[in-house]
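Going in written order, the chains are labelled A, B, C and D, and every chain counts its residues from 1.
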Amino acid sequence: MNKQRLEAFSDGVYAIVITLLILDIRIPEVLPSALGAALVRMLPQVFTYVLSFFVVGLYWFAHHRVSHQVKQIDGTFIWLNLIWLLFVSVMPFPASLLGRYPLQRIPIAIYGIDLILANVTGFLITVYLKRHPELCVHPTSSASLRRQVPVYAISNGIYVVAIGLAWILPWMSYGLYAAVLAWLMVRYARINNPFQPKKGKRVANPTRVGLWIGGAKRG
Amino acid sequence: MNKQRLEAFSDGVYAIVITLLILDIRIPEVLPSALGAALVRMLPQVFTYVLSFFVVGLYWFAHHRVSHQVKQIDGTFIWLNLIWLLFVSVMPFPASLLGRYPLQRIPIAIYGIDLILANVTGFLITVYLKRHPELCVHPTSSASLRRQVPVYAISNGIYVVAIGLAWILPWMSYGLYAAVLAWLMVRYARINNPFQPKKGKRVANPTRVGLWIGGAKRG
Amino acid sequence: MNKQRLEAFSDGVYAIVITLLILDIRIPEVLPSALGAALVRMLPQVFTYVLSFFVVGLYWFAHHRVSHQVKQIDGTFIWLNLIWLLFVSVMPFPASLLGRYPLQRIPIAIYGIDLILANVTGFLITVYLKRHPELCVHPTSSASLRRQVPVYAISNGIYVVAIGLAWILPWMSYGLYAAVLAWLMVRYARINNPFQPKKGKRVANPTRVGLWIGGAKRG
Amino acid sequence: MNKQRLEAFSDGVYAIVITLLILDIRIPEVLPSALGAALVRMLPQVFTYVLSFFVVGLYWFAHHRVSHQVKQIDGTFIWLNLIWLLFVSVMPFPASLLGRYPLQRIPIAIYGIDLILANVTGFLITVYLKRHPELCVHPTSSASLRRQVPVYAISNGIYVVAIGLAWILPWMSYGLYAAVLAWLMVRYARINNPFQPKKGKRVANPTRVGLWIGGAKRG
């Protein structure tokens, strides 16, 4: 029950952040005849909006997975969770900045730094739960923690590269952010039942995102 | 429980989108003596606001019905659900655009495209559940799926016609959007108990929206 | 469970509306030396803000009480509920208008009309539940419904008078809105346990709002 | 269940307020070459944002703790809770004002007054629950209430000092607000399991916020 209220609060924050993002897409104030051109000029904003929408969605998914293994919460966990929410709640600012100043290095860097901070906080929470098995449904095994390290390291490494590229190939930075997002989304999509994982090994979902419409037969 | 958190998040998004719509109705900045005329000029915005309010309400209702038959969720379902939420979360933008540039063809077309995208995503989710009976309380029968096809086809067909009419009879486009909304709302209102349907056949509610105040006697 | 999702959605809408109200209190853009005077000029907005905050809170309370007696929902109930939410969601607009154009008759009238529409919808829902005892935990007795009629009639009557007074004594209109709000809040505060009323008769709470700090002894 | 809906509504309000805070951090409108300098000038706003984020988070935590001991609610409790939410919902205004007019005495004073009002309301709710043991899971002991008095007195006392210092040492006021926040956060973080306190005595958490990463062994 305690956990449920933390989840309700966190779900609320995620739902609000993901919905507020649209408020930064201001409608243009132009003559009706110039509306089409004005909307085309907004495409970088739209791209940043969609990217950020799925970034927040991904963090919600990640939060869900962490919280699923928690059975009890303590004060420190609540503050760590709040710091995690801080870096997510902040997202409308870098998203709006990146949409307003596309291809500029400072907005790209700020966007990437926010992604890294949120990522690192998520990892700290995982470490904290590893050290506090009494808070978890099942104690986190060292092997399970070790399996997660490369995912965090690779995504944060790519974010750092993307920030660096902002000075020379800013379009590439966008591409890298989108690529990490797509990679993590496919990773999550392949989890058969993300909230009741089979113990011991993770069962990859044979149905691929791109294939399911084609209709695999399944018992 | 898993499902409940997805529902809580989705309910949050719907509740926020439906409430944010009012933020786009900015109060006019005029002399008090000109306030009445300024408010009358806002009527197209008010119409678009009310239309969009019920559009979002309708999608919430549809989400509720889909989610009711789900007993378990997987990664792909979560992303499909997020894409559905994306096209709903976007709604304040086309609504605001249509209110600001009434009778203009581009805003009418963007509004209709968003409705179609949301509709198609809802249908894809239904198809996905049909192909994954292990996620459902009861497997979706082919007959049940086939019954839904005309509803999606008719509403999307009318949206396409409305988009086309934007170039010659823009008022008609508004009328068609409103008509589809009204048709779907009455359809839903006639469902006796939308969340515990009798198996096998759907029981139409004899009480009509327009009649209930008149007071049908009921056991 | 069905009801719970309707409640979660409605609670979300109420929570968002009540919180969005503050967004209409824009901070003044003046020289620091002129800040004090600028803030004093905002007092009418602050008054309207506080009034609207408790109006929305009161409707949340009323929604809670209605929903408490419901055990099952149908399509019509969902739409009636959505219309009720519409008139609550709209509140930031009249509140903002009244704060921006204080003592002007049109904003006062629009504010009052929204209150009346929300009130009437609430009453229609009560009538609907009376006619559909199969949706309720206990059928609504005719006596109980009749007891509520004067409350609706008096509050709406006063709202109509307040709207009329806007043309001659606008300050009085504010006073009447606030008086109805205070009256209804005290009425609700006196309910001992609003969500588990004793059957047959309503027990008034002997502890008054103004007295409880003084410390009535209670078993 | 009744309580749960009050919690859901309150959680919603906290989640929205904490997320809305970012909307007041408007992106600067400058030439791309001046963006870095413009962002540096926004640092006072960022500081106020982070401070306010954790202030709201702290009140959410406090609300959670109060609500945890409640088993039943009455009308007066609902209004007291709503007044508490009012002083939290208002927060975006003083936060925005303080960010826009840093080091100015009026914004510092308004910020502090809001903190004091929220604090006092929280204390009144505790007193109310003490006087109404029938609403609580366990009656609040006089000793427990007396233990809380110094915390309220000290924090409010420091707020008053901070408001006074705004006229001579405004930076000090910020420092005092932040210090009280940090003190209360550490106090809460040390609670082992805030929502299932051992009866009779509160068990301090031996794990310190600053130490846990170093890895205390725990059974």
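Miscellaneous remarks
To be clear about the criterion, a contact is a pair of C-beta atoms (placed from the backbone, for glycine too) under 8 Å apart; a residue touches a chain by one contact, two chains touch by 3 or more.
Note that the coordinates shown come from a computational prediction; the quantities given were computed from them, not determined experimentally.
Residue numbering at the chain A/chain B interface overlaps only partly, since under half of the positions present are found in both copies.
Chain copies chain B and chain C are related through a rotation whose angle, from the C-alpha fit, is 90° to the nearest 5.
Here the spacing of chain C and chain D, counted between their Cα centres, is 27 Å.
Chain A and chain C have CA centres that are 38 Å apart. Residues of chain A found to touch two or more other chains are 8, 12, 15-16, 20, 23.
For chain A in complex with chain B, the touching residues are 7-8, 11-12, 14-16, 18-23, 25, 27, 32, 35-36, 39, 50, 53-54, 57, 60-61, 64, 68, 185, 188-196, 205, 207, 209, 212-213, 215-216, 218-219. Residues of chain C that touch chain B in their complex: 1-2, 5, 8-10, 12-13, 15-17, 20, 23, 72-76, 78-79, 82, 85-86, 89-90, 92-93, 96-97, 100-101, 104, 106-107, 110, 124, 127-128, 131-134.
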